[in-house]
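Note that the chains are named A, B, C and D in the order they appear, and that numbering of residues resets to 1 at the start of each chain.
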Amino acid sequence: MDYKLKHNEEVIALAVETAGDGLLSATVGDKKMEVAFARISENRLRLVVDGRQILAFVAETSDGKAVMVDGRTFLLADERTTGTRPRSGAASGPKLVTPPMPAVVTQILVAQGQTVEKGQGLLVVSAMKMDTILTAPFAGVIARINVAEGQKVAPKQVLVDIEPAAANEEVHG
Amino acid sequence: MFKKILIANRGEIAVRILRTCREMGIATVAVYSDADRQALHALEADEAVPIGPAEPSQSYLSIDRIVAAVRQTGAQAVHPGYGFLAENAEFAARCEREGIVFIGPPAEVIRSLGDKITARQIMQKSGVPIIPGMLEAAHDPAAWAAGAEAIGFPLLIKASAGGGGKGMRIVHAPADLAEACRAASREAAAAFGDGTVYLEKFLPKSRHVEIQILADHKGHTIHLFERECSIQRRHQKIIEETPSPALSPALRAAMGRAAVAAARAAGYVNAGTVEFILDPEGRFYFLEVNTRLQVEHPITEMITGLDLVRHQIEIAAGRPLALTQDDVCSRGHAIECRIYAEDPQQNFMPSPGRIAFFQEPTGPGIRNDCGVYAGFEVPVEYDPILSKLVVHAETRELAIRRMLRALKSYAVLGVKTPIDFLLDVLASAPFQAGETYTDFIASHFADWGPDRQTLELAAIAYVADAMAPKAQPGGRPEQAARPGPWQTLKHWRL
Amino acid sequence: MFKKILIANRGEIAVRILRTCREMGIATVAVYSDADRQALHALEADEAVPIGPAEPSQSYLSIDRIVAAVRQTGAQAVHPGYGFLAENAEFAARCEREGIVFIGPPAEVIRSLGDKITARQIMQKSGVPIIPGMLEAAHDPAAWAAGAEAIGFPLLIKASAGGGGKGMRIVHAPADLAEACRAASREAAAAFGDGTVYLEKFLPKSRHVEIQILADHKGHTIHLFERECSIQRRHQKIIEETPSPALSPALRAAMGRAAVAAARAAGYVNAGTVEFILDPEGRFYFLEVNTRLQVEHPITEMITGLDLVRHQIEIAAGRPLALTQDDVCSRGHAIECRIYAEDPQQNFMPSPGRIAFFQEPTGPGIRNDCGVYAGFEVPVEYDPILSKLVVHAETRELAIRRMLRALKSYAVLGVKTPIDFLLDVLASAPFQAGETYTDFIASHFADWGPDRQTLELAAIAYVADAMAPKAQPGGRPEQAARPGPWQTLKHWRL
Amino acid sequence: MDYKLKHNEEVIALAVETAGDGLLSATVGDKKMEVAFARISENRLRLVVDGRQILAFVAETSDGKAVMVDGRTFLLADERTTGTRPRSGAASGPKLVTPPMPAVVTQILVAQGQTVEKGQGLLVVSAMKMDTILTAPFAGVIARINVAEGQKVAPKQVLVDIEPAAANEEVHG
């Protein structure tokens, strides 16, 4: 069975063969690994990979499975089951006005109908004492402001709609 | 001694303070905002008082609400922790007026040390070396230019009321000076309500070394050695250690004396920290005094064997400091790693959210000052610190190895943390060589990315998790359910 | 240094040893019986080798199987922990023959110190005070009567090969002597395969005080101060502390010197413990040498800041001990409580079973050496120790308060533990006064029962648990599911 | 609503009135307590009892609920739902030959058909390195030995059946 697991923008392809109860072999790139595995508890697995025993911690999150091995945690999602890409500030692309993390809108710097330059500050969001200015991804006119000051917002949520100035297509989300 | 203390803070520091209170037989009152109903500090206290909405200005920063909670519960003293109202002179003064003991220095001391220009003046008068630069505020381009002329470039613009990097600018050339000063002043005015800025020499290759001090009401002042806090991201410390790899015994003694002199000059009472900049030639300069318990105080506790919060409370209760300078000795080496909810791959952007799984490191010489638990929703409104992982061992090398082991066994799933980043920093040659300067992360870890090989193992774990039978409703994995004698027993004749 | 070490033990001590190995960069091999497939030590090691059925004689006590596991994994050294094969001279000799490093003293030293009569002879020859009594085995009523005549009553019959209270009898009158000797001899023969007994003076009001020693291959021997281990149930320690409340600095120095002399007399190498009986007049008598890491070694680590397991491994690797007696100093006070799976209300009867919920105490100065976790089935076949809760603080009083706080936050549900019993012992006036004699529990806690008032609170908690909404399948309690902004967000336009 | 909770041999009677969501008042003996309660997680509850906040830990076990408050753990069972008494060595009574805890049979000291005195040792069980001799609760003849050496046994399990010597009724369990 093949798995395609997304990690950030990258896809890790594994060719997996089961080799009896609690045994599998996995090929990643040109590396083949023999693996024995067993569940210890809901969130803990015991793996033996090429003779070395590893405790892995796994938990479901809203964006996929968080998997920790040797103190390193990765957010992985099965490409087959994810319609959209895993959430990520970078992944949302430069065309949307959306916060990079869950945050609170602390200041709105523009008004509906206002013309903005590319890179102009539109609003300030704050998360955990860190302020971030969200800027216009392209020049245009503010078509709609979808949030108010004090409001909680989340990644992928479009905070401001901009009507592009030039021949650009309109971008919502 | 106090019968009841209110802790005007949240998270790991509130939890840490209430544990010492409990050991001292003092009842504890927690305060919590709407976002913190299920927060650990609110759960672990003897009483918990709601003080308003999530927005800090309407809860943890509201002097009126904190004072009302003190009145309501009959607490005799307030411990402010760090952050929030900890260095707010107005709060300390209000407590003084209302007969509530503020566990920290007098309001007047907080006020004068909180103004950086005033603090520089105090230090210079008492012979504590300060960073070359201005001793007066400057409000116009002419004054800035004159100051810059005397100091030389590169220089640093700083907000006198400042902190946390706000209103701070590095200027490399005279042409940029006026505009940078204006921008810094605007930023300072917005952040602190005071746009006063001043100029200092910028010391590019430097270390941040601070000295812990303790002073009682009788003026008896001692220091508890240094903490090296050079490793920072976004002007915030992320790894601290003691002893500093840069200090000789003679330099340590000199800095300790300077810190005690600085505290005495300011009329300091209670626990405080005197921060210094240390240049590569071993010259040190006064930076500021933090008039509160420092985030990184646990490493000092590890090497001295003292409970700083207990000493704070005893001093606040009017007891004389029983320790002399000679009583205090340093043993071994301690390191702290701050475990923030943040993404080291995205410029340490905050990462609030629900903690889906949580397992703390344990073992000899490991301490984790923690404010969260599995199932807790880390709020977006507050500082992203989840816990402070602290180790203590016989030597720096052993402490590093212990920290590496501890980090490798620390599972925080559901929010991002810098644990894997910290693993790579601790394992790096420059860190192990003690080359810990303030530009450390920019110099060595600017383009850090996660470990490839472990990513592959994690992918395998993902697959194994999908394949391994899941838990039954009772919470017991199926695996353990293969019939063993204990299962079988249930069907026997009773 | 070794590349790989096999840990021939289980539970908390195996976990504790493998952590130090990991910090030293040494790969670890765990061994486990069928009952321990899911045991923590087997999960945390780099490799885990099954060695047979649950029955100890066929797994953890099987020299052949342990040696086979060493061969199979290529380990260079074996750490035996405590119990099982730790003081088995035959196992140490087998390792020596096969070129496996045994992390402990030479087989010959284990053999001679394991025989109590031989050990008494060695000590007497080198001027270490021994309990008045016989220096030769006695096998018939005439010899017993002659010995008793010289010693006086009450006296103690002991098995020369003995330990753990087996083959031990107190005799108060000459009429009972012969029969008691015969019974003790039978018991010793059954337990140790050697029925040799001897007679000692019985010291009724005494303390059990032991000295930790470290010795390298060059004969350099130091001591790491004492541990007071008087509080015992069923001849097994349950609370240990250091410093002992009974020792003056002069007495501590004298006992330290005696312990070093005892170790030297026996040709001791590696870590060991010299046990003494201390009478109320401050006279001390050699009891025995434990030729292994002691269960209660963590309290010594707390006050000295040293990692004893690391020193054991370094000595075993042939390194000279870098510490001198003057390098070692004691700081603060440390207490250990042993958390057994047992029922303090039923004469400390074992209580194996599944741990349904488990939450360890945390905070400054707290260490919990633990071998179990939530969901683990504590096997019936082995020692009932679950963990050792250790605290360290500036003074004895503060250490007691810290231990009380730690115990109050330690949740072990599913098996019985003595946590509530320990709470009452630590809070009692005789314990706080340091009146810790070996008859402590019999004298003060013979008819202990659980706290009434807390029982009522627990009953209320039972009712509240029945009433409070239970978790949804996702593991998140319904309560947290009241719609907040983060829930709502999911339905927003993406 | 009234609760009768068994703890060892004792019954604790609580008169409980609910006073709105997450509020109750409980009367134990002549003491009435006002209680606010909320669940924190599956095994943790927050209680405020007469103004003092308490964290309680609760877990289901095979013998009832284990409840921990202030470091003290109690095994409680609702009398209405428990047909038998909570397991306890003492509760099993002196008439049965049964181990006080889960254990392994290490030695059988008698044979079927053998006459035994009251108090005579019948077999040795061992748990966690502690040996316990189980003795005859009354004089009689060994009717049946239900276990073998090396076998695991549990409380309430009858290891040996004894035919009473006198007019005693036969006792099985």
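Everything below uses one rule, namely that a residue touches a chain if its C-beta (ideal position, glycine included) is under 8 Å from a C-beta of that chain, and two chains touch if they have at least 3 such contacts.
What you see is a predicted model, and the numbers here were worked out from it, not measured in a lab.
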item: Path length in the contact graph (chain B to chain D, fewest steps); value: 1
item: Given chain A and chain C, the chains that contact each of them; value: B
item: Whole-Å gap between the CA centroids of chain A and chain D; value: 52
item: Geometric centre distance via CA averages, chain C-chain B, whole Å; value: 38
item: Computed distance of Cα centres, chain D from chain C, in Å; value: 29
item: Chain B, residues touching no fewer than two other chains; value: 38, 354, 375, 475, 477, 486
item: Residues of chain A touching at least two other chains; value: 40-42, 62, 102, 152
item: Chain C residues within the chain B interface of the complex; value: 16, 19-20, 22-25, 38, 298, 301, 305-307, 310, 331-332, 354, 360, 362-370, 375, 377, 392-394, 398, 401-402, 404-405, 475-477, 480, 486
item: Chain C to chain D touching residues, read off their complex; value: 55, 234, 341-343, 345-346, 349-354, 356-357, 359, 380-384, 407-414, 416-417, 419-420, 423, 450-451, 454-471, 475, 477-479
item: Parts of chain D lying in touch with chain B, wherever the complex brings them together; value: 40-41, 46, 51-53, 55, 84, 102, 152, 154, 156-158, 173
item: Residues of chain D defined as touching chain C within the complex; value: 3, 5, 7-8, 12, 14, 16, 18, 22, 24, 26, 28, 31, 33, 35, 37-43, 45, 47, 49, 54, 56-62, 65-76, 78, 88-90, 100-104, 127-130, 132, 150, 152
item: Interface residues, chain B side, partner chain D - complex; value: 38, 43-48, 373-375, 485-486, 489, 492-494
